[in-house]
Amino acid sequence: MGRYFGLFLCCSVAIAQTAPSPSGKWVSHLKFFDNDNYDRMQLDLSGDTKLSGTIGDDVFEGTFQNGRIEGMVESRSMKLTGVLKGDRIEGSGANIHNEKLKLKWDAYREQPKYSGPAQTHSFEPTQFEHFFSDATPPVLHLNAGDTVKTWSVDAGGTDAKGVRRTSGGNPLTGPFYIDGALPGDTLVIHFDHLRLNRDTAISSPLIVSSALNPGYVEQRKRIDDYNADWKLDRENGFASLLKPTDTMKAYKVPLSPMLGCVGVAPPGGQRYRSGYLGTFGGNMDYNQVREGVTIYLPVSVPGGLLFVGDGHALQGAGELTGNALETSMDIEFTVNYMVGNAPPNPRMENSDYLMASGIAGSVDEAFRGATTNLVRWLETRYKLNAAEVSSVVSTAVVYDVAEVVDPQVHVVAKIPKSVLLGLKPAP
Amino acid sequence: MGRYFGLFLCCSVAIAQTAPSPSGKWVSHLKFFDNDNYDRMQLDLSGDTKLSGTIGDDVFEGTFQNGRIEGMVESRSMKLTGVLKGDRIEGSGANIHNEKLKLKWDAYREQPKYSGPAQTHSFEPTQFEHFFSDATPPVLHLNAGDTVKTWSVDAGGTDAKGVRRTSGGNPLTGPFYIDGALPGDTLVIHFDHLRLNRDTAISSPLIVSSALNPGYVEQRKRIDDYNADWKLDRENGFASLLKPTDTMKAYKVPLSPMLGCVGVAPPGGQRYRSGYLGTFGGNMDYNQVREGVTIYLPVSVPGGLLFVGDGHALQGAGELTGNALETSMDIEFTVNYMVGNAPPNPRMENSDYLMASGIAGSVDEAFRGATTNLVRWLETRYKLNAAEVSSVVSTAVVYDVAEVVDPQVHVVAKIPKSVLLGLKPAP
Amino acid sequence: MGRYFGLFLCCSVAIAQTAPSPSGKWVSHLKFFDNDNYDRMQLDLSGDTKLSGTIGDDVFEGTFQNGRIEGMVESRSMKLTGVLKGDRIEGSGANIHNEKLKLKWDAYREQPKYSGPAQTHSFEPTQFEHFFSDATPPVLHLNAGDTVKTWSVDAGGTDAKGVRRTSGGNPLTGPFYIDGALPGDTLVIHFDHLRLNRDTAISSPLIVSSALNPGYVEQRKRIDDYNADWKLDRENGFASLLKPTDTMKAYKVPLSPMLGCVGVAPPGGQRYRSGYLGTFGGNMDYNQVREGVTIYLPVSVPGGLLFVGDGHALQGAGELTGNALETSMDIEFTVNYMVGNAPPNPRMENSDYLMASGIAGSVDEAFRGATTNLVRWLETRYKLNAAEVSSVVSTAVVYDVAEVVDPQVHVVAKIPKSVLLGLKPAP
Amino acid sequence: MGRYFGLFLCCSVAIAQTAPSPSGKWVSHLKFFDNDNYDRMQLDLSGDTKLSGTIGDDVFEGTFQNGRIEGMVESRSMKLTGVLKGDRIEGSGANIHNEKLKLKWDAYREQPKYSGPAQTHSFEPTQFEHFFSDATPPVLHLNAGDTVKTWSVDAGGTDAKGVRRTSGGNPLTGPFYIDGALPGDTLVIHFDHLRLNRDTAISSPLIVSSALNPGYVEQRKRIDDYNADWKLDRENGFASLLKPTDTMKAYKVPLSPMLGCVGVAPPGGQRYRSGYLGTFGGNMDYNQVREGVTIYLPVSVPGGLLFVGDGHALQGAGELTGNALETSMDIEFTVNYMVGNAPPNPRMENSDYLMASGIAGSVDEAFRGATTNLVRWLETRYKLNAAEVSSVVSTAVVYDVAEVVDPQVHVVAKIPKSVLLGLKPAP
């Protein structure tokens, strides 16, 4: 990234030689007690002192005199004052109805979105994270378009060579900081390769009781000495039990490598264990997060902070035993971001489907969330009204139950791209 | 069915010439107040008077003297007395602990399961039923193996020619009485053909509010003049809106004809409207009930009483607008039954999947019901213990949300037959 | 009821001596295939032949000539023709857009609501019903204001003297036909007395597994020989186990007699077993259905057809073991009806609370149903807008979980009458 | 706390004069990667070198030679080695099956539970927390038995004088560190006083859409200019709208001050915003958390770390508008702890009831959680088997819906203490 910053410094010096102006693109940062708000800000100096522009979607009107910015954001009942210091603004704000409600304000020049040649980074993890959190320092800064080749330990902390590297509970690789991504943006992660790197997986022996009728649970006979380890035949593409009972000797099931965990730092300073999932993605445990999928996640902190982990050699719908076929994984992904349009919940796309997640406290609520997430996506993407989107979704939607064993349930509503060919995307 | 009964009468006459004996296969009918209980009964006369056998799975021990049967079913705390009258027994029962608790008892000779040549019946319906109920007289008696060619009006009561034939609400064709099927048996219905017979379907304009987040519902703009009728292009195999908005002009979706309603008479004398569904099947609204599917339903009354109807030209998962593409349908199905093994909820099978229904008051509960129904099916079919069935189901299960808009929610757990090839069916 | 009909006949004769006129109050009955629709109808003859009025809330415009009525109900796209035959009209209808859609039409003079002296009926049941259904002939006709003294067997069919009178499953006393009540009306039942009439109750030993965490269920140790019969000490007002374990010897709990079942015939010809509940009431199993409560139920068929039964000596919230303390009961109730305003679900009232039922497939949905039922009730009763009713309900609502063990869950939202004193009822 | 530590140092010195021995009570701290495990540990030196004891509930067997501890905890497959350094042990551990799995081990002498005179602390908060987290340094150390007098801002951050003190979202007072409390213990908090300290409260105007039927939500007319601020008449004990509409002028509802937030640091390093709730308590929003209540919370980190806040002048069940009558509060509470027996979810007690919380993702699951929490409590407290506890709970349980508007639903199962009088508490 040397060249990039070099260029920037050079220009910056060049600008400094003329009269300093606040005009241009900024990132504004407003702090109210311990709440941080980031907005893209556009300022335009016209005439000698008139300063106008936008902060996020809101209009700013003010003045610039003697290096001092003063102005108002009516729609936020907020006035701002600041001092231009090169490529930074430092100042404060207050509520126009109650002067005692004060904010801190600072801003820095926004760089144009990176459009240089993409780089491929090989990242060798040495420590592993157990939280989705903005408090974890990034392991790598990436530009839009960059690719990362890395790997993850399995859910128990063991790597491709069978070495225990950390404590269990979905240890994560990352976080990766995507330069330029701001809160409200959409992080776009494409998984170029997800490949198994060892010949065994661990799992659990019994379907969790909460996925079954209580009457069945009550009379189920537990099997004490069942071995739920699996052998991964990577050459022929299937898994079978490592030490099967007689009955299960010939049982085999196709490999379909996927990642259980793909997530960004959650909003509001929350710190969730790596078994959690939510609007930020996380432990989504969806068996379509496979090679070739693209995931859209809402950015909540600058840089997004992307974590990946929890490889599964394969996983049935629901992840019914609480563990899929847990294994280490070689991972290659490419990152990008779109300005704004942060989805309410994760969205995904592969060659066949658009997929919208519902993540909630019950299957019922996750189902409604998934339907709504898909409906909103299609409404926006194809400018459909409520009846049109109903005609599309009601004739073609398919639901997947991703998982029902984590702290939140995950249901996906997906629609075949083939039926969308007759619709025109909004410009 | 003339030949069948002719044979029976002939044998009956032959038996009558020797001393009458109660030995043989019977159907026992016990009535306690207004509760009817049917059991297959086997009686064996040994020596002069000793009579032993089974009623259902319970042992009967007694005597036969002077045409009079007396005996005991210990495991039911029940004694029985009856008189043999040719091919009938008439008598009564009482609780051995409380003589005042009396039952009525009668029995008739069970015919061997029909194994003659199957017949194909063309049935032209003239009236249509609005209830799943054992109170409706059957329109046709069928033997195991028989095929019926018939048709159904659409959910609103209109036939292939656009003639309104009855009131709306899923009018049903049937019921069909399957000779020999008894309560506790499994009715097996194979759909040989499901074919569209007209070029239009009706539907509804908006996704039901209960399938969406309430926050979305609250701000959704209703579209007043939207036409949700569909054109069915049977030649090319797709549907499109009959009077589309500009945006929807090129929207088309593949036809996939299915039946919303397949059900038998519910247990216990209940009478459900044809929009209901439950253990008896009914308005299941599952888009895999297509040509080629086989459905297994639990028999609750003699003959089962099969009803079919509610054709859909196609239906997305969940039947989200409350109506699929509702149309009339040409139907051809073949019936059979298996003795006993009535499933707890409907089960289905096609060339690719075993499918087990969960039908309940919420998506959560229907999900658990479907999982349990599939688990029990596989446990029985392949003699799997709780851990083995967990390994199979957790690695390969797929869920379908059939519908969420009827009085009960319907979720299906299905498993690809391909992964079951390594398992041996129980004998 | 002799005097009442005598009076009516006399007037009727008097009218007959003048030219017969269709003017007056009628009950219209429209039949579309097998759907029955009842409406109160007002007809007014003005001039020689002009006939105008209302059917339900819809305007009728037409003519009356030579004993023949012809007219139109625009808002229903329906035309009607009929012949006046004394106190009946006989005729037919058709859709004005599609003449082939025909209806049958007949009407009879509506009697004014009974305002004579109330009667008290002693009703000694001899048979017991196992369905909520309009197919059961009424055991008694009642006028508005009449009181019935009767009794019910316990849920297993046993009476006050310990005699088994019928099969189990909540046998019902009734149905009672309330003269004048029509579909769309509100049946009002006040329970004057609910009194225990024997010293024992039966119950079940274990909390149902669906009311507990599956993890608890999985490890719960079943107790094989536990006796869950109860002794009712009516003199001192408490229950204790009939044959208690040592630990439970001193456990006693206050008696609080209630009825599990209060229901009318369900709509649409459905026939539900007496364990069901729904908009029609039924097996509501709510421990506030005690002496002094008034219940409001929606009338679905003429006369309403009221059933009562399933006495409980007491019941904890939820009816957790699937049975309360089941016993026979002496019952005294008074009936009335209000024209129209049928509630969407049952409502109740006692000296302290207004209570609104939510009956649905899950606790979540029953909770929402109860809240909505209460909100609508208060909105109508006190002319509150959405914010006002929110202020009232959010500050004072209390929820009861009535039961979670029947085919539908029952939750009640209730509000203390004390906080409503500051609000003015709508006129 | 000076005297306390003085005493301890004196004894410590006395011991130091004899040969140092590891015998006695310790707190063991095992660290596996970043997982911390605390156990009470008892060590007993017998003979010259034999060292035996317990770590938690597990047996330790080993030796003590030359200041060096070596031993085994069979039931954890763990061996330990350490060095005694006065009142500390420092060492390490390893898995006996896999030496590469290493732990860090240290221990410190456990102080006897404080039994000196209780102190009352007046704590004047100056900053307010927005997370339940073990990363927040404690504001005060308390001994078992100590009382704290303090206060909280309202949910929006405003204090008794109307001064905004922090950002909104349930700012918390605390955390308070209870000396001696260890993970696995039960924190016991008694609220001696909860008193209003100003005359206004803020709230929200509309019942949240997720608490209502979607059909109602769809047609609800929003009221734009409704003022949902409340006046608190502390003298007469009721609240009324500050600027009521005409209809609501006389509406008043009794004050019943309570705390929405009472919680400890959650387990596993998680950091939840102060709007969350869970096993650790938190934003429980239960209107029985009033003056006189005692709350039992599971301790997850040494000292527990107690936070309080979110005062409500009153709150209806469910907290239906998303806000109760939010106000600042004077708070006085007394802390204690019980060794072990950490409840699975919060429990509460007042003069009338034992109350057990269920906190989960849906009303259904919270209901099951509450029932199970109460059942387990009574089983333990009164040594009841599954049938006995079923008889007690099914006859006397009452449910409260605490709230349905936070990230988890909260339902409470409670039982009147009056019915428990006949049962004997386990010793």
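Lettered A, B, C and D in written order, each chain numbered from 1.
Keep in mind that, in the parts below, contacts are C-beta pairs under 8 Å (C-beta built on N, C-alpha and C of every residue); 3 or more make two chains touch, one makes a residue touch a chain.
What you see is a predicted model; the values in this text were computed from it and never measured.
Peer 1: Under the touch criterion given at the top, what is the topological distance in steps from chain A to chain C?
Peer 2: Minimal hop count between chain A and chain C: 1.
Peer 1: Going by the average position of its CA atoms, which chain sits the greatest distance from chain D?
Peer 2: Relative to chain D, the chain whose C-alpha centre sits farthest away is B.
Peer 1: Using mean C-alpha positions as chain centres, tell me how far chain C is from chain D in Å, no decimals.
Peer 2: 46
Peer 1: As a quick test, compute the distance in whole Å between the mean CA positions of chain B and chain D.
Peer 2: A distance of 53 Å separates the two centres.
Peer 1: Please work out the Cα centroid separation of chain A and chain D, and write it as a whole number of Å.
Peer 2: Those two chain centres are 33 Å apart.
Peer 1: Quick check on chain A: which residues sit in contact with 2+ other chains?
Peer 2: Within chain A, the residues that touch at least two other chains are 210, 212, 220, 362, 364.
Peer 1: Within their complex, state which residues of chain D touch chain A.
Peer 2: It is residues 32-35, 98, 100-101, 130-131, 133, 157, 163-164, 166-167, 268-273, 360-362, 364-365, 408-409 of chain D that touch chain A.
Peer 1: Could you pull out which chain C residues touch chain A in their complex?
Peer 2: So the residues of chain C touching chain A come out as 208-210, 212, 214-215, 217-218, 220, 362, 364.
Peer 1: Note which residues of chain D are touching chain C in the complex, please.
Peer 2: Chain D residues touching chain C: 203, 205-207, 210-213, 216, 220-223, 226, 228, 239, 241, 245, 247-254, 314-321, 324-325, 362-364, 367-369, 371-372, 375-376, 382-401, 404, 419, 421-424.
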